[in-house]
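In what follows, chain A forms one complex with chain B and a second complex with chain C.
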Partner chain A sequence: MDEFLQQMVTGLATGSVYGLLALAIVLIYRSTTVLNFAQGELAMLTTFIGWSIWEWGGHYWLMFPLVLLIAAGLGAFIERVIIRPVEGAPTLNIIIVTLGLFAIFNNVATWRWGGIPKGFPAPPEIQVTGVKFFGEGALDIGPTVVSYHDLTIIVFAVGIMAALYLFFQYTPVGLAMRATAQNPIASRLMGIRVGRMLTVGWSLSAAVGAVAGILIAHLILLQPPMMMGVLLYAFAAAVLGGLDSPVGAIVGGLIIGVSENLVGTYTPQEWLGPDMKLTVTLLIIVVVLLIRPTGIFGKRALRRV
Partner chain B sequence: MRRPGRLPTSKIVVFAVLAFFLLWWVPFSHVLPEGVPFSLGTYRTYQASMIAMWAIVALGLNILTGYNGQISLGHGAFVAIGGYTAAILMVDYGWPFPVTIIVGGAIAGTLGFLIGIPALRLTGPYLAIATLGLALATPQILKKYDGLTHGTQGINVRSEVSDQVGVLADFMDDVFGIHFNNDQWVYFVALFIALLMTVLALNIVRSRIGRAFVAIRDSEIAAQAMGISVPRYKTMAFAISAFYAGIAGGTYTQVVGYVSPESFNFLLSINFLTTIVVGGLASILGSVLGAGGLIVVPELPGLVGFLPGADLPAELSWAFYGAALILVMIFAPYGLAGLFHRLIRIRPAMVVERLSAAYSRSVEALRDIRASRGQTGDGPEDRSS
Partner chain C sequence: MLKLREVVAAYGPIIALHGVSLEVPEGSVVAVLGANGAGKSTALRAISGLLRPKSGSIEFEGQRIDRRSAEEIVSMGMSHIPEGRQLFSDMTVLENLRLGAYSRFTGLARSIGEFRRRGQDFEAALKQVFEYFPILAERRSQIAGTLSGGEQQMLAIARGLMGNPRLLLLDEPSMGLAPIVTREIFEIIHAINRTQGVTILLVEQNANLALEIAHYGYVLETGRIALADTSENLRKSEAVQRSYLGQ
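Presenting the complex of A and B:
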């Protein structure tokens, strides 16, 4: 039972990171129907920028918002300069453009920071009325222990989700963005600046991705190929939850994180086991997709005659 | 989706042959003077063979994605099946290589058909990611079940193409006095298969089947209303496309002489999709051009290095490749084939006309700028016009 709980919690933590990156993917997909293959590499690049700031002596809580700002700026820049010229093109073309960005980001990071893995700091400890937040070590919660960093990740994922929910539901910009996602033409006719909303979407998405990058960099060392595996899990999570549902992205991420851990631990080592956990997880996703072809929370595709 | 206008078959065949002829020239380019970038002999021969192999995959993937509208990010898996089937049959059972390639293609095609059935329920990005899962799982499966696949160490295949084309080799030797080495024979075999598959693809896409694929891509409901069985043709597209990938896999085994789980990682599958989009979707010519482009472009920075003043750091070659992808997509949205069609339509007179129009436009624009500046005080002389 202990082992089971342990695997669950670890799975929830890594699943939250997958979910965050999936959320970043969904934010772009729902307004433009583009799968952004550069999402992971963008997060990796911004995490490297954060590492440099930290290396120069910037405090963690100074570096964190700074990285988010830089990521948001970078996201807006990419949308405005690189994606905008191909806006009306077939979706596959835009996907290829994001693959091009993937190559550029990966190469630039390797060129600038080198391929040697680097340690990335965890958020420093904060004491609020005797209760410890963040930091190193583990928290004993009865049947099992949870590392503080895992808790941090889960809290961040939930927090960002809540913040985005509030943003989309209760702010004028959020409303305009939802309208843009639903029907760009009608939105434009209603006076919404659709192009600007897409730019905001990209910068939001880049910022969310940056959080995922910063959080996972402490678990797996910081290096250029760091986000590749995470990106693939994030895609799977986004598809599992439904590509147009932000809630689905997080839920999908959690499901994948947990099931990956459980499959690795509880299937026969002989012919499945840890080596095959990715394969089995993907198989589960395909089975779910066969039952619900647009993911768990995805809108049913309606066919208009 | 707007696509470039169609050319008559004869012309397409001519262009396909032309493209292949250019590739054919490459292996013999070691007769070129010293210092010319292409005079690298064996490596260029290998590259030309790889282009032929990539062209085969691209043709098949284009039938599925370009003509039938089903996105696959998992074609590396089918290539792996073809490649491994060929390698295992040759090394463990001693079969002759032409048979292994055909059997590999058949097995991959069957599997493609089986995967095409669940794929019927998925569309667009969902299908893309589900097939990406296939590509991701491939290396793991190849490593895990090592009784059949020889595990992580892979399989070394000693290519015996030159032995098995013995009669032909003797003939070339006796009559023309030309002696080809094994690499060159492998290249000829790859080229021959690629040509065969190109002709087959041309026939498929211009037949009843091909028209059904296109009709389904453009509107499933309309296609159904016209009496086309959507599930039947969609799974058929998957099977044909996987068959192509399997044949390409067998060719790969001959060209590279080695298969391992890591040869077929997910980046390979993504590169296949890139090939057909960069080459041109729903275009046979584009599949071939894309294959050539994808193999050659990553090497361009090295070639640019020959130019004086172009000082691109070698470590940034991948970024260069990424930038090339983006530029092609921005300036040639229908890929290299679209660019080609646009180029052959341009007449010299048209170029002159366009250039002069652009020139007069820019002159006018300059005049406007000067005029507006003139209002604020400087550059007054152009206001009269």
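Presenting the complex of A and C:
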């Protein structure tokens, strides 16, 4: 039982990272129907920038918001300069462009920072009235032990989800962004600058992806191919949750993280075992999509390609 | 209030308007009649900035608007209620109405006073819209896509009114509605013009109804103005009777 709980919590933590990257993918997809294959590499690149800031002596809590700002700027730049010109082009063209970005970000990271894995810091400990937040070590919660970093990841994912929910539901800009995603022409007739909303969407998405990168880098070491596996799981999470649903992205990520961990732990080596955990996870997704083709929370039917 | 001079508009190589000139005086209701594909909707799209005219000029309250974007034109005081309603169908009635008021409140409020005043303006606009369409007040939390056809058209008009326009462009408000619902909606459109003094440019296939509330009418035929006169004269005109009034 303790082992089971342990694996659950660890699964929730990695699942949160998948969910965050899936959220980044969904934020762009639902307003532009562009599947951004470069999402993971963009997150990796911004994490490297964070690493450099930290190396130069920047404090973690200075580096963190700074990276988010830089990521947001990069996201806006990419939308304006690279995506805008191919807007309205056939889907395949846009996919090729994002695959191109994937290669570019990967090359830039290798060229600038090299291929040797680097340790990335965890958020430093903060004491608030004797209660410890973040930092190293583990928290003993009765039947099981949870590492502080796993907790940090889960709290960040939940916090970002809540913040985005409030933003989309209760602010005029959030409302306008949802309107743009649903009906761009009607949005223009309301006076909404649709192009600007798309730019904001890419900024938000890049920032959310950067959080995923920063949080996972501490667990798996920072290196250029770091996000490739994560991206695969994130796409799976986004499809599972429904490509137009931000809540679905996080839930999909959590389901995949947990099931991946449980399959890896509880199926015998000779039968499935850790080597087959990716296969089993993807099998679960196929079954869910057979029953609900729009994903768990999705509304719009996915286009058959 | 609105003046079109020799407006030519096209979708790619296909010319839809071949030099259309028309005028909408302040406070009036002007109807644009014509068969399917005559260019009625295209004219509205050109006016509201969704489609940039190839040549000719469009003036709104003395200012050239034919090179301005749709987003700019809304905030100048013109609402376009498009064909097929184009609601935000996954959102609630209230969210649709909020979006209708979007153009009035762009940018951050610069003071608490302004923030409060915006809230009051919004509530006042909402109250007025609910007076025209009490059913929308009842359905304010309902998802727009689940409303009946008539209610959706009411919401589309209400959303347009939330922007506090001086000119309303209405495209086929009777489309797909039962005659009794259409009549109700036309009565409300008439009331909006009379009590609030909103100028209305109405595109409609149902010429009978349109000429009942309009002061002036234009007949479009394959992208050209074929006839222009007061509603009274148009109703009497033999050509209009034959082609559009079904008599």
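Following the convention adopted for this analysis, the second predicted complex is superposed on the first by the 300 of 305 C-alpha atoms of A that agree within 3 Å, B and C clash if a C-alpha of one lies under 4 Å from a C-alpha of the other, contacts with A are read in each partner's own complex, and residues count from 1 in each chain.
Quick note on the criterion: a contact is a pair of C-beta atoms (placed from the backbone, for glycine too) under 8 Å apart; a residue touches a chain by one contact, two chains touch by 3 or more.
It should be emphasised that the depicted structure is a prediction, and the values quoted were computed from it without experimental measurement.
Enquirer: Based on the shared chain A superposition, would you classify chain B and chain C as clashing or fitting together?
Expert: They fit: once the shared chain is superposed, the two partners occupy separate space.
Enquirer: Does chain B (first) or chain C (second) touch A:Ile192, or do both, or does neither?
Expert: second
Enquirer: Between chain B (first) and chain C (second), which, if any, makes contact with A:Leu219: first, second, both or neither?
Expert: neither
Enquirer: Would you check which partner chain A:Met8 touches, where first means chain B only, second means chain C only, and both and neither mean what they say?
Expert: Touch status of A:Met8: no partner.
Enquirer: Name the contact category of A:Val288: first (chain B only), second (chain C only), both, or neither.
Expert: In the superposition, A:Val288 touches no partner, neither chain B nor chain C.
Enquirer: Tell me the contact category for A:Ile104 with respect to chain B and chain C: first, second, both or neither.
Expert: A:Ile104 sits against chain B, while chain C stays out of touch.
Enquirer: Which partner chains sit in contact with A:Leu66 here, chain B, chain C, both or neither? Use first/second/both/neither.
Expert: A:Leu66: touches no partner chain.
Enquirer: For A:Arg178, using the defined touch cut-off, is the partner it touches chain B, chain C, both, or neither? Pick first, second, both or neither.
Expert: second
Enquirer: Give me, in Å and rounded to a whole number, the least C-alpha distance separating chain B from chain C in the superposition.
Expert: Minimum over all C-alpha pairs of chain B and chain C: 13 Å.
Enquirer: Which positions of chain A sit in both the chain B and the chain C interface?
Expert: After superposing on chain A, no chain A residue contacts both chain B and chain C.
Enquirer: What part of chain C is in contact with chain A in the complex they form?
Expert: For chain C paired with chain A, touching residues are 48-50, 69-71, 74-75, 79-80, 82, 86-91, 95, 98-100, 102-103, 105-106, 159, 163.
Enquirer: Can you check the complex and tell me which residues of chain B touch chain A?
Expert: Answer in residue numbers: 1, 65, 71, 118, 121-126, 128-130, 132-134, 136-137, 140-141, 143-145, 220-221, 266, 270, 273-274, 277-278, 281, 313, 315-319, 321-326, 329-330, 333.
Enquirer: Could you list, by residue number, the parts of chain A that touch chain B in their complex?
Expert: These residues of chain A touch chain B: 29, 33, 35, 37, 82, 85-86, 89-97, 99-104, 106-108, 110-111, 232, 235-236, 238-239, 243, 271, 275-276, 278-279, 282-283, 285-286, 289-290, 293-295, 301, 303, 305.
Enquirer: In the complex, go through chain A and note every residue touching chain C.
Expert: Counting only chain A, the residues touching chain C are 172, 175-176, 178-179, 182-183, 185-194, 299.
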